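Okay, got some structures for you below.
What follows is a pair of complexes built around chain A, which joins chain B in one and chain C in the other.
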Partner chain A sequence: MTWTNYIAGLAALQPFLAIFAAFALPLISLLAKRRQIWECFTLTILLINFALSLIVFYYMYNFSCKPLLYAFGSWPPPIGIVYTIDRGASLIGLLINGLVLTAMIFSIRYMEHEGGTQWYYTLMLGFEAGMLGCVYTGDIFNLFVMLEVMSISAYGLVAFRRETHEAVEAAIKYAIVGSVATTIYFIAVIFAYGSFGTLNMADLALKLKDSTLPITGPPIGDILIGSTVFLTLAFWALSLKAAIAPNHFWLPDAHPAAPSPISALLSGIMVKVAIFALMRYMLTIFKGTIPTFPVVELLNYTLITMGVLSTILGSTLMLVQRDIKRLIAYGTILNIGYIAMGVGLANLSGLVASLFHIVNHAIGKALLFMAAGAYIHVTGSRDLDELTGVGRRMPFTTAAYLVGALALAGAPPLSCFMSKLLLFKAYLESGWLAPLVVVIVLTSVFALMGYLKVFYHVYAKQPTRDISSVKEAPTLMVVPLLVLASLCIVLGIAAPIIVDNVIVPGALSLLNTQDYVLAAQEAAKLIMEGG
Partner chain B sequence: MKTKDVVIGITTAILLLVIAIAIILGGTGWTPLTEIRLLAKFYLENCFNLFDKNYWAASPEAVSAMLWDYRGIDTYYETAVFFLAVISGVALFRIAEVKVGAISSMRRELGLSIIVKTVTRIAFPLIITVSASVALHGHLTPGGGFQSGSMMAVAFLTAIAAFSRYFIEENLKLTKDNFLTLRSVGLITIAILALAPILAGSIALMQNQAKPWSSTPSFPEALGILWTAGSIFYYNLAEFLTVGAGFTLLFLLISIPEEEFRRILRL
Partner chain C sequence: MNFEIFLQLYGYLALMVIMVISLYGIVRGASLIKKLIALTIFGDTANALIIFLGFKFGEIYPPVLPTLKPTLEDIAWFVSTAVDPVPQCLVITAVVINMAITMFLAFLVIQIYRLYGTTMVKKIAKLKG
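Right after this comes the complex of A and B.
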């Protein structure tokens, strides 16, 4: 049985298992009223998922250069829904699982004074499932469903601290904007299905080349118009989810309002999931396939423009923030701008830079938000002026924060320096877009100033109030911080090895439309042969 | 009117116009379509094809077959979307161990007039019965888990409107936790049904009927004389409980009087 793959099945099991656990957790919380039990349960599931994603990642990079296909309900494409796992997807899947696991461990102490943590962990499990599904899926409607799973959990998590009115207000705003985006994506799906007559991603790519999977037949409507509308609307919806300027306006409210580990996940990985879906469409499915109308090229340039705008807006607005979490959230807009700029180039070097930056920024940003969370947990304030000097009494947290800040600002030899260097190189090689390297350098300097402002306040500045009662954050919070910080260093120092062995194969798999389609075609042969 | 509103209005209008033009130009297939799309035709022809069971779902109801078999995992995750939305609501309205219903002295006078109450008393079991029939026939006739669950919740909603929420909690002895349990039982049933093929030793999540290219055995098509369309009947039943209890839970939460909720928040 080669067509539906056991390894891809392990990938499909991850979101399924997370949702199963989310289904079970409320019942468990009714039967056993101790939060330790809920935490153990969530932790076990997340550990299993992490192990599964590690297996998938290891297998993909060592034994399989082709995408693997998993068919739900044994229905080959295009009858049923398939997951198509390529190296890029397995990499992002590992990243998601790793970060959610870290955030969960951090949450144990962080949420210790909060009531209703069973709902918090339930939503966290759903959040993980949604993100994983978005990355693994090979079906445009299933992507919509998984976007919803991801977003609904995110709204609930942002509103979790309902006693602060900012959280509820931010969640309502976020929910309205987010639902508009998912609805727009749904309309996009209608156009794709309407004109192509299929929901399978590989089938879409085939139909653009005058070929098809069995059953669905030739396109029904005008695929030129259909794919143009689909791509434009999906682009808009996903750029909103990814918070690329000018669609970033919801992020500075929503991300800081959530509990810090959730901010880390929202900023660290959720926006990247949307970017990844965008990559899938623009680089794998629709790349260079509509010669008569260059919609993909136009969207690529739009993406670059929006990316540049994001970096400028994000970096300048960072400098004027007084709220520690809001400042870090603006940093996300800045970095999502870099990633968008890389994707917009639509070539291997740009994609490699983007993919590497996704990984680096996810880890760095999660680290910063969690470090900020540690300060907030200990002092109870988000205002930089009230946090002055506390860093001296929390050496580990501050050390971790400094590593993360320097890494994100692009100080060599830390992680983001390497990915920014790759982006820099990609732009230098790109011909007339080369002047944009100025943007990259300039905004990095701003970012450094912004992040060091926090460091200055929490460490260098004289305390304005009595901080003698401030102690180092609990071990369960410090350990995740130190793990992430060491990852920032390792990813920086070992960057050449990691880029060559992990990032480049991942980017190549994303650009390889032929193999992606082939996986679906092989599975669909079953229909022709009648079993 | 603010400039912002004008901008939003114009943007929406342009978006709708573009979508309308795209539809006229054939972006969603030529309208009116003279034929059914081939994929839809495939589902219609195969969902209860007794002569070629390779692609069948054993369900005469094509929509249920698509929902729970051909594209089953979508429905699984859509159930999760609804579940997570309700959980978000529960998390927002979480009240730590404080009894709601302190104003019990005036409970007799709560609710609408005696006529409405009597009508509701009659209608209540009838709505529940109809909703159950829609769920039980979901694999045979139009309907299914979500529809029937919504109908069941309507019964409770009318009861809340006519009698107040205390009626459900104290006269019917159904609390928030009961509905939560009922709902979890439904959800876990769905997940276990979906996992069943894995437990039977294959890797096909949510597989219903056997396929020539898969070693997994079929769900039994019928239970004695009762046609169950493989797993679809059970899915519908579990979804019925899930959705019905989920909606009722939300109705119970949003019918907590604001004053009372504020009082509890302040405690």
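Right after this comes the complex of A and C.
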């Protein structure tokens, strides 16, 4: 055992700890009936996970340029399940842990009038475990399992207010569509296994290049057909999970129906986890490996088309919404379109823009949903017409909302402006795709109009009803908002430093198939010689 | 031999047809119960597909090595007679996951029936508001 094994172990510990806590919490709630105890327990686990992911992130960026590999039960890679943690994965892992922690702190006061919060925190911990597993895993079947863990928790959280018509209806729609998507991903895994004879991602990449890990032999079927079917089905399933148009139809119902902190998590990172898995397949594993049949290139162009479609649909439909949370949910479709457009370029500049936009949009969107949650918590309404003027009585929340809205719309010194600029530059350099920059600019303008419509209603417009009883949201809700808002500003102002030191190395590690494969080979060799 | 190939082709074709029918059922089912049934059929078809993939015709023994220190001949015999065990592990996992989803969806259908008094999709869409 060397030092690096421990670091990889710390990454693998995070999903385990979260799922362990998720199973322990209902038992604890049988013994201790006080919600403070449940909250303390969840908060402790999430803090430990955050600290672990911070250590992994720090180590990956400072001491290790190669991906780390954790083999479960010390089975060598193609036989056992492995977690492969590279810089990009450690970055997204940190983002997931940070946002779940913030949403949990926000939930303490937000859920104070609701019953059954032990189940709420149980599902939240399961949700975190699923997302972390999806990001860290290096095994295509384990990705399916973790996708299901994440999705089932998400269905449960959307249906959490089971007495309301809206939540149950949104949850059943989301659950049927989502489980069809995951079953289709499972069928894709069947095709990959039937043609390659392996479930390990590194082994897949090696078999495409006519070599293998130790232990396994050559592919058992036609890898051309196998990889084409696998990629196409997996692309469809993951694009549905990521809500890229035309597979976005479930999102505007499901995301607003959940409690606000959960909407923040669903819109903030869950869709990005699916995009990250897509990046893993299209940019790390299958990139440039099948020259005779350009399925990856075709899928890249499909992704760009779908991305453009989502930006246009999301930005125009945003303008006509009357429900504050539905409006913000349409903003997610718009921004996932930008990310898809960046991934579809399949080069470094596009990927850097996408990765940076993932971070910025996750923070900005979580901020907006939580600010909307603060308005809803105080006034009890989601209709924009009933929220008129309440922003004047809630200065901190409104200030945080304004920062988030301007950041997401792309106002110059703030975070999303920088990532949109990178995307703009990537498209200008891309040759014949350059005219698509018009889409980026135009949809940003629409987004600004949509977000400022909310600001106009809650702040500038004359109140239509008596708002003298409205007070600022509780401190435990305002503090997470202000933390996220300051992150939006810092990510914008320090963008050049962050892009050079964090985003570019992360994107490079995602594009580096060679190191990814080498890590698996070395680990397999080490385990075989050791045991 | 020809019969085996025919059987294999027939199996794959039948599974594909069932898959398409169940997808149609999920999309066009009039009642939520019917959608739920179609969804379980869809999941089970995927499981049957991967079991079919690992299946072998002819003389089959369980995937267990009978000796503690196998020689090369033992391993060759093992590989030629045993069924691939990996698909069975995958199916066990997938079945458990399908059960969780089916239970959750069944609960939601009951809840919909409590709230709306019907499980017909069109009537629920009309009642929305």
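The working rule: the second predicted complex is superposed on the first by the 522 of 531 C-alpha atoms of A that agree within 3 Å, B and C clash if a C-alpha of one lies under 4 Å from a C-alpha of the other, contacts with A are read in each partner's own complex, and residues count from 1 in each chain.
In the analysis below, a contact is a pair of C-beta atoms (placed from the backbone, for glycine too) under 8 Å apart; a residue touches a chain by one contact, two chains touch by 3 or more.
Keep in mind that what you see is a predicted model, and the values were worked out from it rather than measured.
**Q** State whether A:Ile172 touches chain B only (first), chain C only (second), both chains, or neither.
**A** Touch partner of A:Ile172: chain C, not chain B.
**Q** Return first, second, both or neither, reflecting whether A:Thr183 touches chain B, chain C, both chains, or no partner chain.
**A** After superposing on A, A:Thr183 lies in contact with chain C but is clear of chain B.
**Q** Name the chain, either chain B or chain C, that contacts more residues of chain A.
**A** Higher number of touched chain A residues: B.
**Q** Let me test your reading of the model: by the given contact rule, A:Val145 touches which partner, first (chain B), second (chain C), both or neither?
**A** both
**Q** Once the structures are superposed on A, label A:Gly391 by its partner contacts, choosing first (chain B), second (chain C), both or neither.
**A** neither
**Q** Classify the contacts of A:Gly364 with the two partner chains as first (chain B alone), second (chain C alone), both, or neither.
**A** Neither: A:Gly364 stays clear of chain B and chain C.
**Q** Does the superposition put A:Phe72 against chain B (first), chain C (second), both, or neither?
**A** After superposing on A, A:Phe72 lies in contact with chain B but is clear of chain C.
**Q** Look at A:Arg162 in the shared chain and tell me whether it touches chain B only, chain C only, both, or neither; answer first, second, both or neither.
**A** both
**Q** For A:Gly194, is the partner it touches chain B (first), chain C (second), both, or none of the two (neither)?
**A** The answer is both, since A:Gly194 touches chain B and chain C.
**Q** For A:Gly450, decide between first (touching chain B), second (touching chain C), both and neither.
**A** It touches nothing on chain B or chain C.
**Q** Pick out the shared contact residues on chain A: the ones touching chain B in one complex and chain C in the other.
**A** Correct list for chain A: 141, 145, 148, 152, 155-156, 159, 162-163, 168, 187, 190, 193-194.
**Q** What does chain A use to touch chain C in their complex?
**A** Chain A residues touching chain C: 141, 144-145, 148, 152, 155-156, 159, 162-163, 165, 168-169, 171-172, 175-176, 179-180, 183, 186-187, 189-190, 193-194, 199.
**Q** Which residues, counting only chain A, touch chain B once they are in their complex?
**A** 1, 3-4, 6, 9, 12-13, 15-16, 19-20, 22-24, 26-27, 30, 70-76, 78-81, 115-116, 119-120, 122-123, 126, 129, 133, 141-142, 145-146, 148-149, 152-153, 155-156, 159-160, 162-163, 168, 187, 190-191, 193-195, 197-198, 215-217, 220-222, 225-226, 228-229, 526, 530-531
**Q** Sort out for me which residues of chain B touch chain A in the complex.
**A** For chain B paired with chain A, touching residues are 18-19, 22, 25-30, 33, 37-39, 42, 54-55, 69-74, 76-78, 80-81, 83-85, 87-88, 90-92, 94, 96, 177, 180-181, 183-185, 187-188, 190-191, 194-195, 203-208, 211-216, 265.
**Q** Considering the complex alone, what residue numbers of chain C touch chain A?
**A** 19, 23, 26, 32, 35, 39, 42-43, 46, 49-50, 53, 86-87, 90, 93-94, 97, 100-101, 104-105, 108-109, 111-112, 115-116, 124, 128
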